[in-house]
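Each remark here refers to the structure printed beneath this line.
Which chain is which? They are A, B, C and D, in the order written, and residues in each are numbered from 1.
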Amino acid sequence: MANTIGKTFSITSFGSSHGKALGAVVDGCPANLELSEEDIQIELNKRRPGTSALTTSRQEGDKIEIVSGIFEGKTDGTPITGIVYNTNQISKDYSNIKNTPRPGHGDFCWMEKYGIYDYNGGGRGSGRITIGHVIGGAIAKKLLKTQGIEIISHVVQIGDVKADNIDYENLKDSIEKNNVKCGDEEAAKLMEELILSKKQEGNSVGGIVETIATGVPAGLGEPVFGKLDGDLAQILMSINAVKGVEIGLGFESAKSSASEINDEFYYDEEENIKTKTNNSGGILGGMSNGMPIVSRIAVKPTPSISKIQNTIDLEKGENATIEISGRHDPCICPRVTAVAESATAIILADHMIRGGFIHPTNLNKSI
Amino acid sequence: MANTIGKTFSITSFGSSHGKALGAVVDGCPANLELSEEDIQIELNKRRPGTSALTTSRQEGDKIEIVSGIFEGKTDGTPITGIVYNTNQISKDYSNIKNTPRPGHGDFCWMEKYGIYDYNGGGRGSGRITIGHVIGGAIAKKLLKTQGIEIISHVVQIGDVKADNIDYENLKDSIEKNNVKCGDEEAAKLMEELILSKKQEGNSVGGIVETIATGVPAGLGEPVFGKLDGDLAQILMSINAVKGVEIGLGFESAKSSASEINDEFYYDEEENIKTKTNNSGGILGGMSNGMPIVSRIAVKPTPSISKIQNTIDLEKGENATIEISGRHDPCICPRVTAVAESATAIILADHMIRGGFIHPTNLNKSI
Amino acid sequence: MANTIGKTFSITSFGSSHGKALGAVVDGCPANLELSEEDIQIELNKRRPGTSALTTSRQEGDKIEIVSGIFEGKTDGTPITGIVYNTNQISKDYSNIKNTPRPGHGDFCWMEKYGIYDYNGGGRGSGRITIGHVIGGAIAKKLLKTQGIEIISHVVQIGDVKADNIDYENLKDSIEKNNVKCGDEEAAKLMEELILSKKQEGNSVGGIVETIATGVPAGLGEPVFGKLDGDLAQILMSINAVKGVEIGLGFESAKSSASEINDEFYYDEEENIKTKTNNSGGILGGMSNGMPIVSRIAVKPTPSISKIQNTIDLEKGENATIEISGRHDPCICPRVTAVAESATAIILADHMIRGGFIHPTNLNKSI
Amino acid sequence: MANTIGKTFSITSFGSSHGKALGAVVDGCPANLELSEEDIQIELNKRRPGTSALTTSRQEGDKIEIVSGIFEGKTDGTPITGIVYNTNQISKDYSNIKNTPRPGHGDFCWMEKYGIYDYNGGGRGSGRITIGHVIGGAIAKKLLKTQGIEIISHVVQIGDVKADNIDYENLKDSIEKNNVKCGDEEAAKLMEELILSKKQEGNSVGGIVETIATGVPAGLGEPVFGKLDGDLAQILMSINAVKGVEIGLGFESAKSSASEINDEFYYDEEENIKTKTNNSGGILGGMSNGMPIVSRIAVKPTPSISKIQNTIDLEKGENATIEISGRHDPCICPRVTAVAESATAIILADHMIRGGFIHPTNLNKSI
């Protein structure tokens, strides 16, 4: 079950970059959630390439088709299957990958592990497989919205450009004002410039994506091996190119003293329990504490670059070089935001049901 | 199954800080592995407190007792149960936690989630529960050793003191020369000073622990949701106080260009496939590539400090303060190294079996 | 994950009787198994109705389409998705089920559990969903065949007609000589007559299907909760209309003494270990012993009959009657044979991989 | 995780017949359930041997010790670990099993699978390991009782003696009136005689145990692969010596017509939905329908008998004979009743939580 995640609300992902189709089976969604193909299409469009100069020029329609699990416009408790048929795949671009694995890519590992590898478009190693995440995430987000939970991902760093002046109050709107999905207008401009300059030189650049979930009640997550931060880290690591995950202050907390970063509790005016700061990122002891859940992921630069690189020839058993043609993203971060939101939503939906906050079989029943 | 991790080689952890006992059931270990209580005791001793001025002065014997799964000195394929009976627990220290949750601790979340909470010593929220990790990890390490896999964790940062000059060649020996488990002798001294100064002021400090696994073959890990880095991130996040996980360059890669960090493949003189650099930390596409697996975790400062802190009184429903007495670690990082090694070993053992590198039922059978 | 079965070789089933499509995602099949749509189509044709007067007259094309997991004619280690689009579904037949649940059917339970129910054709409660079993089973059978394992299911009882004179030597051929899939030619005739007479009276009849798996090595199955017979029982119970499962002598053994039924071991002429009898059905202590695995399932009469029956009206909250029109099977047993073979194959494939008999990732690698 | 069962309420069983201890870790029990060692001891005493002439004369104290998961007399949401230390084990009785596997036992399979086998007392193949079931079952029963669910198992057949006149109205009392746990007083006498005569001749006899769960709400069980009957069948098959499981009419339904056995729905005087008959055993489409859940298991005669039997010598590689000494049960059925109750309770508890009938983390919270 290497392609299934989630215990109660779970998704099983399938498909490859240039195969017939990609998709996901979403199991364990409570019945009576209104759901349409449009709900999923909106989210898929966010991760689709070809929408700005910052992404690959590949045009991928990525049209969702739901083939099971919906009855009269609502989920009915049976597995929901969403499929995206591949239509714009050009396989000739990838023939040289077959025996000369691309540096920074999983090609070599796929060959080692399985002895056979659909190298076209990177097969199932392609970032395109996150379509499965987004199908599951779109449904999870719709479910979470019924409970007042909202999730937003945004770019906080590209290369050495950091967003220091993020408009957190109007984050949703402000990230739509630029193609980088950054909430700091000034930084966004510099990020765009950096990405375009990398594109020009046939190179790519990494970045950091932050995800914030608001409205999450206290008590999600199960110690010890089902901790909320553990499950988030696992699914965020399943996103291609992610090399690090941190919660709240994250690596910054390594430098700190407890007296500086312990979040002190207090009752606010409406008798709600809150913490003055949120250095823990909303998670203590592996469980949510009612504050926003904040995570950040390190996204490495897309390894496909047009520069000639050294590698090996597996067939000849000797050193070789590779020059990767094709249409690649100079920076994947803006598109990763949609996937990070989805990944976060899947885990939160699973824990909301498992934690007794959402009825497991029928959304119309109170819990 | 919130207390079970691993799919084939799995551990089920149980127990709390001041309950009768702590321990783990280790299931799925192949038969015919020589195993004694001594093998586990050695690892438990590494995480045991009270061994230097840098740790809490609590003396915990932590004596392991194996009550199942061993026959004539060898594993026999049945679940191995290791138990550590609690002997030195003083519960009076913790009575004030009951209604006034400690900032930075999970106390509040436990109460919210379960409506009842063994607050003594932090109950199952205590770092003491990592005894379960170490029982599982000791067995995993013994199993991995038969395949030439070695795992070592060391401290690379405490507060703002970074180890820049680590003796990677003699890491195993060099980290034993100081109480911080740091491979940079100069840095170790500064780290010790920093920890002791924090101890003096009733404060604590965080740090970073790096784990390196060598001898791991290419092909471990299962895309998409069983990726090796995803599984490592999940288990590392299950260690108390961990707020971030990174693989290879990790967050550093966010700043980089692909041309700088792509690891180029080559055949070495013995026809082995290697990469010139190891920025990927031995994992590409979620699978091991044959290079050392390198992870780093951000460990926050132990939240228990003697300073008065603001918090709430859950019984009275009003703001309050708390002063935490008791014997606490001014820096948990040196002790975390043993747990990080164990956590890493559990995941690698599971994937070695699942990947077809170790026979799933009988170590004497070839695969 | 209520729609997923198997731990390593697993299938996730989806779809409903009158929805857009039915199918399954098969995960964990080792790479390098030759597999075509034809391999699955052959098995689907065995369970397809409309092939004789004994089954429903519904014509269901049930054409398989594989949309992922195959590369150049072979499995590549990624999830295999098989889809059957529904084409011949007539929903008007079922409108009266909506509020008046059919006796013997799950309609009422679906409504109670989910509060919404796709009653058309019985929704996901329909026997039609065993298409998912067969997709998984076809792949499992192909995989098992590479190891010399063959599986055959046949009808041994319909109503009170028992097959006492089964041609076990030529079972595969003999069951093809009649429409009941019975290896006793005389009994088959009586069974056919019984089924047709039930059909005439708008009634239906039950029966028993036996499944035999040969070539299974000793050592499959994991005590205590992963026993081979336990896993077989679970999956066989997932087949619609099955109300009982027995292994070997099964319920007959309740009447016996150990001295009568203990299977004595011996070395045959080729030094193979065998038992003189096979009353255990090839399973001892939850593990295969090298003898044929023999199971039998009790299949109840198809509950859809044209007779007027008493039931309730959920909308009006009062007692009511129902008359079920539509095209139903007077006896489902002949078609169940294909599903029982598939179900058995799925479990055996999973255990063959988990037991170290088949390499988990690459069929070309020796174990 | 071969020794773990249940998805949310799960038990991990460990230990062997003559090892240091046996027990179980019970995970996922909601907090705030009052629980004492006495609650478990009562159930363990029911399965304990040596209580009548019908069972083995072995005296096993089977004293439970709870070492985790209880705080101030209540469950606290952390894993509950129950241990029974072995005290009365005599290993010299079993030395001849080492190389000459007992017919009807799993000895041979254990050796084949693991290459090492704790043959003393049958190791983990012994019926003694059902202590783990009972520890989990006792907790599950206590939890279910808070919801009005009661479970009772009784013997309905021993050899060819069937209980035809069972006092179902006073079942709980009537089965305590005899040592066979049979609700038909006349049959019980004949059963006792049969068992004693088998004991006299150094033989054993099988039987059938029926389990009835009342108070179960409609809607438990998850189609397709988490069906309630599938999960019950799996766990019941995990009980040593069980060779068949049936629900409701079971194998009898194979002989019937739908018109005879379809359970017709009706509203009773209190507007409750019921069925006139309960041939389905309370389960339709894999889900409970609100009627009593009725299962029956076929228990084979204990294979350990004092008669000389043919077997093989694995060391010499030749045919051999074996004479089994020791103290064995001439009929295990009376003791199996306690285990069948426990097994049923575990599955129902798991499904009650997963189905949204019991709050997953805190029994004091309404659902």
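Keep in mind that, in the parts below, contacts are C-beta pairs under 8 Å (C-beta built on N, C-alpha and C of every residue); 3 or more make two chains touch, one makes a residue touch a chain.
All of these numbers come straight from a predicted model, not from anything done at the bench.
S.K.: Using the stated contact rule, I'd like to know whether B-D or A-B comes out ahead in C-beta pair count.
M.R.: A-B
S.K.: Have a look at where chain A meets chain D and say same if over half of the interface residue numbers show up on both copies, different if under half do.
M.R.: same
S.K.: Go ahead and note the Å separation of the Cα centroids belonging to chain B and chain D.
M.R.: So the centre of chain B lies 38 Å away from the centre of chain D.
S.K.: Between chain A and chain D, tell me the centre distance in angstrom, where each centre is the average of that chain's C-alpha atoms.
M.R.: Once rounded, the distance between the two centres reads 45 Å.
S.K.: Please work out the Cα centroid separation of chain A and chain B, and write it as a whole number of Å.
M.R.: Taking the average C-alpha coordinate of chain A and of chain B, the gap between them is 26 Å.
S.K.: Two or more other chains in contact with one residue: find those residues in chain A.
M.R.: Residues 1-4, 7-8, 13, 78, 110, 113, 124, 219, 223, 355, 361-362, 365 of chain A each touch two or more of the other chains.
S.K.: Once bound in the complex, which stretches of chain A touch chain D?
M.R.: 7-8, 78, 219, 223, 354-356, 359-362, 365, 367
S.K.: Under the touch definition given earlier, write down the residues of chain B that touch chain A in their complex.
M.R.: Against chain A, chain B makes touches at 1-5, 7, 13, 101, 103-110, 112-113, 124-125, 129, 132, 157, 159-160, 198, 203-208, 218-219, 221-227, 229-231, 233-238, 240, 243-259, 261-267, 271, 273, 275-276, 280-281, 284-290, 298-305, 307, 309-312, 317-319, 355.
S.K.: Sort out for me which residues of chain D touch chain B in the complex.
M.R.: For chain D paired with chain B, touching residues are 1-4, 6-8, 10, 12-16, 19-23, 25, 27-28, 31-32, 65-69, 71-72, 74, 76-81, 83, 85, 110, 113-118, 123-124, 361-362, 364-365.
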